[in-house]
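First the structure, in the form of structure tokens, and then the observations on it.
The letters A, B, C and D name the chains in turn, as written, and every chain counts its residues from 1.
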Amino acid sequence: MPDFQAILENLYQDAMNTSDKGTVASYIPELAHVDKNNFGIHLRTSAGKDYGVGDYKKPFSIQSISKVLALSKAMELIGEDIWKRVDVEPSGHPFNQLALLEIENGIPRNPLINSGAIVIADILVSNLENPKEDFLNYIRDLNGDDTINFNIDVAHSEKVTGFKNYATANLLKSFENLNNPVDDVLDFYFHQCSIEMNCEQLTKAFFFLSNKGNCLSNKIRLTKTQAKRINAIILTCGFYDEAGEFAFEVGLPGKSGVGGGIVALLPDNFVVTTWSPGLNIKGNSLLGMKALEKFTTETKLSIF
Amino acid sequence: MPDFQAILENLYQDAMNTSDKGTVASYIPELAHVDKNNFGIHLRTSAGKDYGVGDYKKPFSIQSISKVLALSKAMELIGEDIWKRVDVEPSGHPFNQLALLEIENGIPRNPLINSGAIVIADILVSNLENPKEDFLNYIRDLNGDDTINFNIDVAHSEKVTGFKNYATANLLKSFENLNNPVDDVLDFYFHQCSIEMNCEQLTKAFFFLSNKGNCLSNKIRLTKTQAKRINAIILTCGFYDEAGEFAFEVGLPGKSGVGGGIVALLPDNFVVTTWSPGLNIKGNSLLGMKALEKFTTETKLSIF
Amino acid sequence: MPDFQAILENLYQDAMNTSDKGTVASYIPELAHVDKNNFGIHLRTSAGKDYGVGDYKKPFSIQSISKVLALSKAMELIGEDIWKRVDVEPSGHPFNQLALLEIENGIPRNPLINSGAIVIADILVSNLENPKEDFLNYIRDLNGDDTINFNIDVAHSEKVTGFKNYATANLLKSFENLNNPVDDVLDFYFHQCSIEMNCEQLTKAFFFLSNKGNCLSNKIRLTKTQAKRINAIILTCGFYDEAGEFAFEVGLPGKSGVGGGIVALLPDNFVVTTWSPGLNIKGNSLLGMKALEKFTTETKLSIF
Amino acid sequence: MPDFQAILENLYQDAMNTSDKGTVASYIPELAHVDKNNFGIHLRTSAGKDYGVGDYKKPFSIQSISKVLALSKAMELIGEDIWKRVDVEPSGHPFNQLALLEIENGIPRNPLINSGAIVIADILVSNLENPKEDFLNYIRDLNGDDTINFNIDVAHSEKVTGFKNYATANLLKSFENLNNPVDDVLDFYFHQCSIEMNCEQLTKAFFFLSNKGNCLSNKIRLTKTQAKRINAIILTCGFYDEAGEFAFEVGLPGKSGVGGGIVALLPDNFVVTTWSPGLNIKGNSLLGMKALEKFTTETKLSIF
């Protein structure tokens, strides 16, 4: 067993010593104002040991990381019926995101790109009684932590600037792959993405995916096969057009968000979360990726 | 000078005798219920002679034909500034309509495809005091006919089913190529397309494009160069992905609408309008195209 | 009737006074070494009057202009069967030239883009006894001038650097839209493009397209309808992704070549050829386009 | 430890009892004539235990499976310099294979699609003294088996029908991403793909990738990190546009070939090879995929 605390501290020092910290997302003011000197990392082993360094208790906007949790909830609710409406293939480069949806007749390439996540949001809106509250409670339950919440300002800012998401949702609607009104689905989607959590909370929330589907409180959330499949999707699709690069460099299923967070996991071993708000040119956390690359190189812990 | 009345009557007989009349557009009930046995044709020479056969006095939904008139009005209002926001190139095949817009950073390929027409609608919304009323009056003036009107039911039906147009407008907005709110622009756009006119009215309305920019009442609407340029755009872009085919077979600038109308013109010679509601597989009036092809073959009147 | 000689002289002076002469094609040494200060223009009316200014008697590489003549010859040989193997629609932007061919199952968009011209070359190789000699003789005949010839060095340079054309021909072959061996077809194609002519010779060679299909010696080359259709294709497809722009600015069917030549024509009126080796960013002669734009603006002679 | 022999025998029985065996590749006669009732499966654990059922000793054409071995050899020869010429991202759908290469300026998406494999072939041609012999010896060495050989007839058939590969290689050449002549590179490539091996031989050849880079004879072929990276590429890119599906259903890095073979592996655990010549609609072995899916479901052995 590696000395995780020492390794995490080294990664933190490396991050502190790196001058190029990437570029903070600037399309909404709430993200633009985050200090890019923040850096947190938190790891939890399957045996229940916790390790945290730096800003691992500061909450941040989880953004696209929420897509994995929304997918898990949708799988809990309707199971394999999801795959009638969304595929499981990597999406390739993003220059043609709507193009892809158009050519492929409204079936999103996977549930972790925006178009696919909007279909998942539509499923949740259809199948939850109080969609926003119920989804928030799902995450609180995964975590055993009732302080987790939406950031209403972030949700509102996404709403008034998210024209590309409106374009996507309307295109899905034109292909009859959206059952609820566009505004309802996107209201849910923007709230889902606005949830704020810290590294430790994310590590705990994702525990069930490293633990055959059973969450921290031992409740069965997914079958073992379902957990395995979500991990496969995370690996092949979790980093947009850098999914191959992340698999190649890091070798773990991992999901990033534009708020600077990354959650990665090794089944039956650990979950690890990094937070560094500066992004690389592809929109993934620059120092988070570097830290995870070093982590798997040093520990020799990867799925490959 | 050919015997236009005899030729038009022959074309009408040919159409009556053709069993395959194409398929009436069915995406909104108001268009779906039109009888596809309607066939009208009307021609007016530069010298002012009128010829009409069949249902040339029955009004129909002009739909995309309105895009030429909207473009003309926009050119009257802001001149060459239009071309900062929309290009003048043919669009090619439609399987990738949004794709194209995405790859080309929100600059529509030309003002006669939907994305370009929505930009033109945005220009009119910005530059007309009462956009809908003023545009309707523009068409009434071109024609000297105050009975022309919107079909509110058609406009409403487009609104509740036009998800692809909402997708397009939101994508334009995401590229900052729409100055007004999406709903305002599309409200105008759906009304513009819902205008009802008959063959004779359309022939008269388009007269200024065959007459160096001067309309029926002799009012100067466009400069000679502007009229020439709009005719060039009509020729290269007026039939979606069948623009080349129409130029090849017919050899006139022409614009079709999904309501089954086609207006074509030979500068300094004539304007001709056909109406036959059945469409071919590309969405252009099947018998209208055939009639115009025979017309130019028999009369040897074309721009080439 | 405008004073063509005076107008042409003005255009020549304008060209001489323009400092930005564009960029000479540099992908083969034979083109790269041409002096970009050359400027020639030649016009011939249907009535047989000739007007020439500047370097209108200096031969240059006609390159893609040859595609129109190859198409005309193919139409003479096999008529409408051409359209089973190539379409007549504008191609749109060139960033996806092979893409287009791939998506559209090996049917080139039109006979004036490279893929389409290679199919036409294949037709000529199949239907001419001695393809290269016969095609050269066809052009000599159109012109009544036996001095016209291939530039063997140019043909050879194209051959050793033309990997994209080899890619295209092999892709056509994979779709079974090439009947002869790739090497045979491209050998013909590279020779066809290497032909050298001057402005006056090109004007004369294209005369039949402005004259209902009858060439200078009054021999019938094409039917009136065939000539009209080729003119339609030239207009919609003759300038690659600037076809719309050329129609919009100039308003004549016109074909450019990377050697700096442009031939344009007004049916029943005139043929005009410009030569200026510097190209704009889209690969069309910069000063040639400007001269033709001024020409149609001043003379008010256009098809629109 | 599961009872591998029993499990493999069950998989064999399932395959025998399945009536839909897919479609044998028919583009060359040598593949078209293979009997689709063949089914072999062979597994070897890291501890050195062997299990084989059915036709696991019958040789078949390894085709694209060779791409992994070519990549491994190239990595041995020039290391990370490979990534200057080819990327590591999944390619998405194949309808636009050349398109992708064109848009991305001649840099193939990954080394396991044809365009990328042709670049790897070019690297081997440049860096091996006797490319074909040396590469064959590399595979023989991995295996400790000198009977492995090319099938010259297969290589020849690929050569005379492989127009799409010629198109690809010429397109690469046009982007200057091919250093050797197209014919030399493709001659090597077609031979590489024509190699014949049986399930047992493939299992043994791939052993080093499951064993931190050390092959059967304990020779170090790659570093541990290099082996891990190749496994990551196999997982994200090994099944063309079904890579996500294979990760999702099977959960192992795996590579298929059009000859009906699939090799998959769990690092530090086992390598398993299936052979069933009938392909599904995406070109991957139908019964091979099903067998591997059942295998990982029953044994619970996967990377996720």
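Things to note:
Here is the rule we use: a contact is a pair of C-beta atoms (placed from the backbone, for glycine too) under 8 Å apart; a residue touches a chain by one contact, two chains touch by 3 or more.
The chain lineup, named per UniProt: A, B, C, D = Glutaminase.
What you see is a predicted model; the values in this text were computed from it and never measured.
Listed here as common contacts of chain B (Glutaminase) and chain D (Glutaminase): A, C.
Residues touching across the chain B (Glutaminase)-chain C (Glutaminase) interface largely coincide between the two copies, over half of the numbers being common to both.
Of all chains, the one whose mean C-alpha position sits at the greatest distance from that of chain B (Glutaminase) is D. The two copies, chain A (Glutaminase) and chain D (Glutaminase), are related by a rotation of 180°, based on C-alpha atoms and rounded to the nearest 5.
Comparing each option in B-C, C-D or A-B with A-D by residue number, the pair that reproduces over half of the contacts is B-C. Between the CA-based centres of chain B (Glutaminase) and chain C (Glutaminase) the separation comes to 32 Å, rounded to the whole angstrom. Centroid to centroid, with C-alpha atoms defining each point, chain C (Glutaminase) and chain D (Glutaminase) lie 47 Å apart. For chain D (Glutaminase), residues touching at least two other chains, in rising order: 95, 103. Viewed as a network of touching protein chains, the structure reduces to one closed ring of chains, two contacts apiece. Pairwise, the chains that make contact are A-B, A-D, B-C, C-D.
Chain C (Glutaminase) meets chain D (Glutaminase) in the complex at residues 95-99, 102-103, 163-164, 166-171, 173-174, 182.
The touching residues of chain C (Glutaminase), when paired with chain B (Glutaminase) in their complex, are 87-93, 95, 100, 103-104, 109-110, 224-225, 227-229, 231-233, 235-237, 241-245, 247-249, 251, 253, 267, 297, 300, 302-304.
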